[in-house]
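Note that chain A is present in both complexes that follow, paired respectively with chain B and with chain C.
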Partner chain A sequence: MDVMGSIVYPIAGLLGLYGFVSLASLLWEGIDRKLVARMQRRVGPPLIQPFYDFLKLMSKETIVPNTANYMFRAAPVLALATAIALLAYTPMGFTPILASKGDVIVFIYLLALISFFKIVGAISSGSPYAKIGAAREATIMVSREPAMMLAIFAIMWRLGKLGVDKPFSMGIFYQHNIWEIGTPMSFVGAIILLYVFCVWLASEIEVGFFNIPDAEEEIAEGLLVEYSGRYLALLKLTKALKAYIAASLVVAIFFPWGIAGHLTGLSADVVNLLFHTLKVFILLFVVGSVFRAVTGRLKITQAVDFLWKNVFLASLVGSLLLAMEVIM
Partner chain B sequence: MRAPILVPTVLRNLVRKPATNLFPKTEPVPVPENFRGQLKYNVDKCVGCRMCVTVCPAGVFVYLPDIRKVALWTGRCVYCAQCVDVCPTGALQMSDEFLLASYDNYDDKFIPLKEEKIEEIRKKLEEQKKAKEKAKAEKAKAEKKA
Partner chain C sequence: MNGHEILPYLIIIPLFGAFSMPIVNLLGRKAREAWAVIITGATLAVGSALFYSVWENGILVYTLGAKSPLGQANFPIRIVWEVDLFGAIMVLMVTLVGFLAVVYSLGYMKHDTGLDKYYTLIIILELGMLGIAITGDLFNFYVFLEIMSIASYALVAFRNDTWEGIEAGIKYMFVGSIASSFILLGIALLYGQYGTLTMSYLAVKLAQNPTVTAKVALALFIAGLLFKSGASPVHMWLADAHPAAPSSISAMLSGLVIKIGGIYALTRILFSIYGHSVSMKTVGWVIIIFACITLIVGNAMAVIQNDMKRLLAYSSVGQIGYILLGLGIGLAAYGSQTGEIAMAGAIYHTFNHALMKALLSLIAGVVIHQLGTRDLNELSGLAKTMPKTTFAFLIGAAAIIGMPPLNGFASKWLIYESSAIFNPILGAIAIIGTAFCTAAYVKVLYTFFGRPNERVMKARDPEGSMLWPIIILAVAIVVMGLFPWQISDKVMIPAVKALENQLAYISAVLGGA
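Let's look at the complex of A and B:
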């Protein structure tokens, strides 16, 4: 058995990615806060403010409510662990470390599991505000995922028709992409699916319309109301990682082009990773910062209506258009 | 969806200069004329008429009958300036100072007339009184002789 190739290199790669993505995603949070501040004609905090926040939260006293059970302590750790594990399946400018046949299911599963752990942690705190937040998070989670799943499965199936060695793997975006199909209908379908994925990304990172589960003004921070100190730091880091990962998915599907050119091996991967990070930042700027700056939140009922009646329908139409010439 | 109308505004703002005053690095926003800042007390002008004690809504002033002055603690001041308006000698004035944060409620800057100063005035008054009495006594003696 090839110990180096199958165990040591993937672990080293995962650790490296984890280090890089932690820094990049927290840095993005700082850039995001700065940009939104400038949009509102404020100066905003320094770019590395999220790092200060993280260190401060880590050093603060952690208070655990009397009513909390053991999942309250376990959930933030599990959520972060899930996010780190997810990095091994996230396309970031190159084929994911553990890419294999059908790992799109693992990707979707782990992404949903992060929200699930947040919900479990919140309902374990014993605070009714956290429970309301958890109920909202669960509601919005089941409303947003079907549109994304339908779209991503349709895209992967369609790309699989073009001939790939590992169908339904997160790596296939770097072999064929959605714009290569080439028919006008598939082009329109891809545009519609881009809209679907942008809305999905906004609801995944809970900005703009979808800032519902943590609604500070209505339900006192919602999910995170009882968390403090170290656990809150872990959850904030998880949130930043998740934003980067979710945006990575959208970038990989719609804008997978690299700039490595004739470079090969590790240097190509590093260049592609940096370029990919730039694309992620641009996408998060459009979907996160601008969207956050120009809109308020919806009510939970309006958000569910919007996700099912608008986004899911768009996903259905886009998928059908994409699949048209294969079906007919 | 009415949201997109804000997008041009927001993007225009992005390239504009922030409309804020970076206070600790720059001077604070200048105060207007007749700004009501911290209350200043001039002991020498004070004649002890007790008008400020009557008019103050916050109970800043305490009248000291033996020296005929007022003691005051501006930590409780509400900056209404009624004492300034009513003071016949102009011993009370509003200043421009507004950066008054302190770790101590009884900081020196909140108490314009200090204990030592009160003692000093008291001694001075007593000396004056003694001198007067002495003068009186001498005068009486002189009258007796005559």
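Let's look at the complex of A and C:
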């Protein structure tokens, strides 16, 4: 077996990506806070405020409630570990490190697993506020994922029809993209699916309408109410990584173009990664910052209604439009 | 090692152990327990050696009483035992879970009386299941089926000072006896028509002259064996037997009995005896219909249970649905790639589910033993005081739902994939079943990791003899989960190939004749 090619390089690549994405996603949080502050005519914190926050939380005393069990301490670590593992399957301007046939399921699974660990950690604290937050998180999760799953499977199936070597792999977006199909029907379908993915992204990173599980006014920070110190820092970092990863998926599906041009090898990957990060920031600005600044949250029942009756329906229509030429 | 020499010991050792138990019992409690562990441990060693031998050398035939089953005639006149790879997998599964259940009983059954009878019965239960897995004779099969069934009736009703033990035992015994008599009637019909009881020779006779009698007999077999496997709509005994039985017994009931006495026997009869003599497609669809009902009913009923062991019992029914679905598709798409994958998934899931459900049942036993309640509403926050047990439960629950780094994923995946290729509606039904199953287990996890209530604060992790079987099963689940496709390619697919190769099964016994 080729040890260098199959073990050492992927691990080095994963570590490198982890370092880069941690910095980039925390930096984005700083930018986001600054931009939202400006929209509200405030000065806002400095750009690297999230780094200060992270370091401060890391250095604070960590308090574990005496009703908590071992999962309270394990869940933040497991959530972060899952997010790091997910980086190996995330398209970031180039084919993911561990891309293989069918890895889209691994991607969806790991993304859901992060939320699951957060829920388990929250329940394990023994606090009733956290339990309410966890129940809300689970409800939102069950409502938002089907729309995304339907859409992504439809898109991957449709792109697979154009001829790819690894069907249902996250690398597929850099071989063909959704706009290439070119017929008016698929174009309309793609626009509708873009809407679906934007709402999904907003609910995944819990901004605007969907800032429900941690609703600080009603249930005192919900999920995270009992977390402090190091564990809170890990969870905040996980949240930032998850926002970057979820936005990466949307960017890879709808805006996969690179600017590397004639470059090859590592330099092309680095250029593509930087350009991809720029696209992620722009998308997060539209879906995250603006959406957060201009709307408040919905009630949990309204959010569930919205996700099923509006977003899932749109996903169904978009997928059908996209699939139309092939099935007819 | 030569498989012929060790095969008889698979029956001799437990038989000797069970019959000597009343005498060993005179030496006292310690001797009795040590004897039970030694006997089942030795059976496990023989079972593993047998599995290895069959995996290396293919089908193993053993004739009782002579070198050849044929004697002077040109047809088999003696009882034969015939073990192919599928049978060997079952042998390994039974001996492994049986051994762990006995070790677990040392701590778990401490407070009960009449334990000499308990250990005798549990060894006899194992003996009956092993006999079913290795036999190549139809009446011999019935005898072992009855040994297994009667031992399990007695064990379900073992705690005869509780009203629910007696109730569940009576229910199980009445309907179980009717199911057994169906099978006996089927055997009688076949014997009257064809004049032989050897499975392989019967297969030849059937192919030469398929009659209506044979089809009636098949209907009786399917009816009887679906009952034994706990398929809907005849699953009701299982839901009562589980909560009433001691937990080591419910681990064996839902891990082993419903699979050996139901799934294995059904598969053996359909593939090796009836083979091409009946329309595989029709039989396959009959099984598929029961599988779909079982899947939905079992998993959906699991969601609404508040009794922990009843929840596990309904979940067993649901998982039997998956296995039956794989078996049904394996029959309906016989000979195609899809059918092969489905059947491999069914066999793989049989083994995996034996491990997972044994684990979960043993954990339920620990909880009952420590807290004296099965009511999920009273078990909130168990993770605080029983961390090891709840962690093992987390692994078992994740595996049974089918989460990737655990063994349930690969086996369920094979079933999903083949059912989606065979008929997308069946794939959708399988997914709906899993959604219910997930809801049921998440509910339990939600309880276990919640805020500890007062009752739970006094609980502790159990002693070593109860904890180690749980740890071994959890480790086995994780390790098997790391090499899913290797196991599937090296063991499960060859097992399906051996099962589908009816000619090899027949000629192994009839040989040169």
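Note that in this section the second predicted complex is superposed on the first by the 328 of 328 C-alpha atoms of A that agree within 3 Å, B and C clash if a C-alpha of one lies under 4 Å from a C-alpha of the other, contacts with A are read in each partner's own complex, and residues count from 1 in each chain.
As a convention for this text, a contact is a pair of C-beta atoms (placed from the backbone, for glycine too) under 8 Å apart; a residue touches a chain by one contact, two chains touch by 3 or more.
Remember, predicted model here, so these are calculated numbers, not experimental data.
Novice: Just chain B (first), just chain C (second), both, or neither: which does A:42 touch?
Specialist: Touch status of A:42: first partner only.
Novice: Let me test your reading of the model: by the given contact rule, A:69 touches which partner, first (chain B), second (chain C), both or neither?
Specialist: Second partner only.
Novice: In the overlay, answer first, second, both or neither for which of chain B and chain C A:295 touches.
Specialist: First partner only, chain B.
Novice: Quick check for you: in the superposed arrangement, does A:131 touch first (chain B), second (chain C), both or neither?
Specialist: Second partner only.
Novice: On the A-aligned overlay, A:239 touches which partner chain: chain B = first, chain C = second, or both, or neither?
Specialist: After superposition on chain A, A:239 lies in contact with neither partner.
Novice: Figure out whether A:123 sits in contact with chain B (first) or chain C (second), or with both, or with neither.
Specialist: A:123: touches chain C, not chain B.
Novice: Quick check for you: in the superposed arrangement, does A:106 touch first (chain B), second (chain C), both or neither?
Specialist: Only chain C is touched by A:106; chain B is not.
Novice: Across the complex, what residues on chain B touch chain A?
Specialist: Against chain A, the touching part of chain B is residues 3-4, 6-7, 10-11, 13-14, 16, 18-20, 22.
Novice: Okay, in this complex, where on chain A does chain C touch?
Specialist: Interface residues on chain A, with respect to chain C: 67-71, 106, 109, 120, 123-124, 126-128, 131, 138.
Novice: Show which residues of chain A lie in contact with chain B when the two form their complex.
Specialist: Touch list, chain A to chain B: 35, 37-44, 290, 293-295.
Novice: What residues of chain C sit close enough to touch chain A in their complex?
Specialist: Residues of chain C touching chain A: 381, 383-384, 387, 390-391, 403-404, 442, 445-446, 449-452.
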